[in-house]
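The structures considered in this document are given below.
Across the two complexes that follow, chain A remains constant while its partner is chain B and subsequently chain C.
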Partner chain A sequence: MRVRPLRYWLQLGLTLLVCAFLVVPVFMSILAGVTQNYFIGVKSGLTLRWVGEVWTLYSDTIWRSIYIALATLAVTLALGIPAAYALARAQSRWTRWIEELLTLPIAVPGLATALALILLYGQWRDFRASWLFILVGHVLFTLPFMVRSVLAVMLAVDLRTLEEAAASLGASFRERFLGVILPNVRPGIVAGSLMVVTLSMGEFNMTWMLHTPLTKTLPVGLADSYASMRLEIGSAYTLIFLLMIVPLLVGLQWAAGRVERSRA
Partner chain B sequence: MGPRRHGGDPRRTALLMAAPALAVFAAFWLLPMARLVQVGGSGPDGFAAYFAVVTNANYFRSLVSTVLLSLGVTVATLALSLVSGIFLQRNRFPGRGVLISLMTLPLAFPGVVVGFMVILLAGRQGLVGDVSSRLFDEKIVFAYGMAGLFMGYLYFSIPRVILTVMASVEKLDPALEEVARSLGASTWQVTRDVILPGLGPAIISSGAICFATSMGAFGTAFTLATQINVLPLTIYNEFTNYANFAMAASLSIVLGLITWAALALARSLAGAGVAAAG
Partner chain C sequence: MAVAIHLENCGKTFPDGTRALEPIDVRIAAGETIVVLGPSGCGKTTLLRIIAGLESPDAGGRVLFDTEDVTPEPIEQRGVGMVFQSYALFPNMSVAENVGYGLRVRKWPREEREQRVTEMLGLVDLAKLGARRVDQLSGGQKQRVALARALAIRPRVLLLDEPLTALDAKLREQLRVEIDRLLSHLGITSIYVTHDQSEAMALGDRIIVMEKGRIAQTGTPQEIYHHPATAFVADFIGTMNRIVRDGREFMFRPEDARIVPAGSHDLEAKVISSFFLGDHTRLAVDAGAAAPIIVETTERREWPRDETVYLAIAPGALLPVPGEAP
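On to the complex of A and B.
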């Protein structure tokens, strides 16, 4: 084994420090969520009591976040895939403008978008009070990610040649789109879908403004528990959130790797 | 490109396919934003409210502290992530994969959760306070202010920037470094003259994302304390506590213009897709 220079050890040390900064609080949070009394420490015993209490207090927010995420996914698939197709096929100055426009909701803080929605649509009480109001915000925020993810694969697979081959065999537009294009861009759709669900599950900046006491989502509930509950409950709630979001993240990285390979 | 015989005019098809997304975008983003601009000018001062962020001492202080905080976060994030990212991409050692997975774990955390992580580290029952009270008999607590916010944004940004740095180091041509080294350049010279310029676009784009995100983020600050003097919280307080809709609207338009401009500038410099993270 060769001798590493001092520089190597300094860099390794810094990297380990950064890693500790990122990871230590996560472990503290997990531990606090299953500890009887965090102030006393682990020696007070481990328990699932706090997780149980979170379930009683907040299970509605968990279910709501799941179905809002799935609804957001359905809408972004329906809007995003055709939009990506349009951008891929008609590459021009116009389509670049459209792409730019659709990206605005992530270039501008969610707080601004949420205020704008409330000021324009807030007086429609039934809409304002329903979960659909949150869905609108989530769709605006996640659509650019779906479009970009699908578009990246569409540009890589040479859509035009595929489509022309199918058309020369007599396939209608509908047949070409469903039978040729969609299967070929599946990696982009999968990556985009995981991205959309992950972002929707964690969205707070807009949702905090858009929610009502009856339409709390998981991150809204988290903020609520951090502010008003004991540390153990906030931690147990965070633990539940981590159990939901980390598998999504792992899947997302796997899918992104597949897209990267399909483009290479 | 020859004439197309099948499926009609491709441009018309494309327009039809993009129409639903554009309609939703127009109804739920463009129109509301137009309303926001209008409300911003509907206060007692009219459209002069758009300059209040400069003319009103309180809002100006809020703007300056948000910009300084975001610049500080950006510089610190870039410095730490460049060292760690280059190191992780250029060296192979046991445990490297686990280390990278652990460091990318916080990627999926929203701002609220990041705020909670800061509280666990530096809050009233936090690790820093615990250790400091044992060592120096003095409990250090800094989570609920600017310092806590700085730490939170650092926490939020580092995993993203490290991934970007690693991806672009991988694309650098190692031959360039070989040549520089064979010409007698020291490691420091290679880093300064070959690696860093090669990473230029990645540094600019991830720096801009980091800056824009820190400017506009709301969740972390909200979790730590609603009285920290940063622009998103100022807007939030104007809207919810003082029902000053006009001021909240004009300030959020100004904030939106700043974050959008930062990202657009970075994109024109770096040429990559650049957008703020949630």
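On to the complex of A and C.
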């Protein structure tokens, strides 16, 4: 075996140390979620009891998070794709301004956005109390990601000429949009969708301000369990959250890779 | 059926106020191949897009296909086939699906559609590539697919926007010959936009030379080459030499000058540089004019610098320089 310089071992050691620093707490938390008694430790035995408890206590927040994420996705698709299309077709100084403005909800803290929503719509009791109120907040927060993701692909594939070619062959706007535009920006739509679902699923900041006791989402429930339940239940809850969010993150990486390739 | 095209008083001013096209009149005969030639920004692409229906002319302009006024019709109703510089093939479809797209939109039954696609792919020599994805094709193949796709719908007019510009020189030559064969075989009215004068000369029944949004000259390749109407046309197409005689400026083409023995010559000049090009040698010589004079010779010998050569200019080849266009 060839002899590595000392620097190599130092760098490797440092890298592993940093990884451990990041990963060990997550691992400990997962372990805590399936341990009989965390204070005694793993030797007290492994169990799924806490996961079961989480399910009876908090399954409503899990379902709510899933359908809010899906509803957010539906709304951002319906608003985001036409918006991206309009921006792609009308490239000018103004549209670049709008693109910049679109990033504003990302830069403004979620708490501030939530406060603004409450000030503006808070007096509409039924709306304030329903999950739709959270949906509005999530759409506001995630729409820019959808628009930018779709717009990037639209600008990369020279949409205008493709559409002109389709039009010259007799295709109406509807035929062009469904048959040529949507299929060719699919990588951007997929990447944007995964991003929106992941963000909506994990959003805490704004949702914490917007929720009512009857409209808790998973991350809000998580905070609640950390504050008021035993450690094992909070940990088991985290485990469930990770099981839901990690596949989405992996999918996001894969979709982003496809967008890169389509632009190459 | 080939249609005649008549552009009546068609100008184009963009919303920001730039005048891309001065109001012009153009008549294109049925079945004619017309090449619109000019440098970039001369308005040739705008002219093509007005015929296509991708731009509408300024108020007062009309586009007629035969006697039908198509000005208010959008492109999808005009029945025009279009070929773009960037190919514009649909990446989400195979070669055959691309060629059949216009027929699918027209709701042709599947069987007839497949038959037509096979026929079109045969026409452009791509019979075996129907199942390929478009990103697996070379540039030349892509443009042939685009041609087949545009022709499949039996368009009334074929519009080509710099179709060869993205290709390398050898492919360009090859595809140009192929397009020429196709156009004369199909007898379809075609408008071909290019900035390349050799393409224009080779393909056009007639050429429209454009400059700054105006038509500088319309005519057959021979007319344009031998009787340029303006100094711009003379310089844009081919090489033109200029000399001063009796206080007036004249011009002539390199091939109209011959190197002759002293005595029977019109001009005496000194060799500045020589370029051996295989079948001939191109000489730049100094005859006391403002710019060097270019002559060509097939004589097989060296042309040392500062050698004195004697030139005879073919009778009738000397043209007075036309006044600049107003």
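Here is the rule we go by: the second predicted complex is superposed on the first by the 261 of 264 C-alpha atoms of A that agree within 3 Å, B and C clash if a C-alpha of one lies under 4 Å from a C-alpha of the other, contacts with A are read in each partner's own complex, and residues count from 1 in each chain.
One rule holds in what follows: contacts are C-beta pairs under 8 Å (C-beta built on N, C-alpha and C of every residue); 3 or more make two chains touch, one makes a residue touch a chain.
None of the values given here were measured: they were computed from a predicted structure.
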State whether A:44 touches chain B only (first), chain C only (second), both chains, or neither.
-> neither
More chain A residues touched by chain B or by chain C?
-> B
With the two complexes superposed on chain A, say which partner A:183 touches: chain B (first), chain C (second), both, or neither.
-> second
Does chain B (first) or chain C (second) touch A:204, or do both, or does neither?
-> first
Chain B versus chain C as contact partner of A:59, first or second or both or neither = neither
What is the contact status of A:212 with respect to chain B (first) and chain C (second): first, second, both, or neither?
-> neither
If you stack the two complexes on chain A, which partner ends up touching A:167: first (chain B), second (chain C), both, or neither?
-> both
Would you check which partner chain A:158 touches, where first means chain B only, second means chain C only, and both and neither mean what they say?
-> second
So, does A:109 touch the first partner chain B, the second partner chain C, both, or neither?
-> first
Following superposition on chain A, which residues of chain A contact chain B and also contact chain C?
-> 164, 167-168, 172
Contact set on chain A toward chain C in their complex | 157-158, 161-162, 164-172, 175, 179-180, 183-184, 186
Residues of chain C defined as touching chain A within the complex = 52, 54, 74-77, 79-82, 84, 86, 88-92, 101-102, 105-106, 146, 149-150, 153, 159
Within their complex, chain A touches chain B through residues 7-8, 11-12, 14-16, 18-19, 21-26, 28-29, 32, 38-39, 78-80, 82-83, 85-87, 89-90, 95, 98, 101-113, 115-117, 119-121, 136, 139-141, 143-144, 147-148, 163-164, 167-168, 172-173, 176, 198-199, 202-205, 208-209, 219, 222-223, 226-227, 231, 234-235, 238, 241, 245-246, 248-249, 252-253
Residue set of chain B touching chain A in the complex reads 5-8, 10-11, 13-18, 20-22, 24-25, 28-29, 31-33, 35-36, 39, 80-81, 83-84, 86-88, 91, 93, 99, 102-113, 115-121, 125, 127, 154-155, 158-159, 162, 187, 212, 215-219, 222-223, 232, 235-236, 239, 245, 248-249, 252-253, 255-256, 259-260, 263-264, 273, 275-276, 278
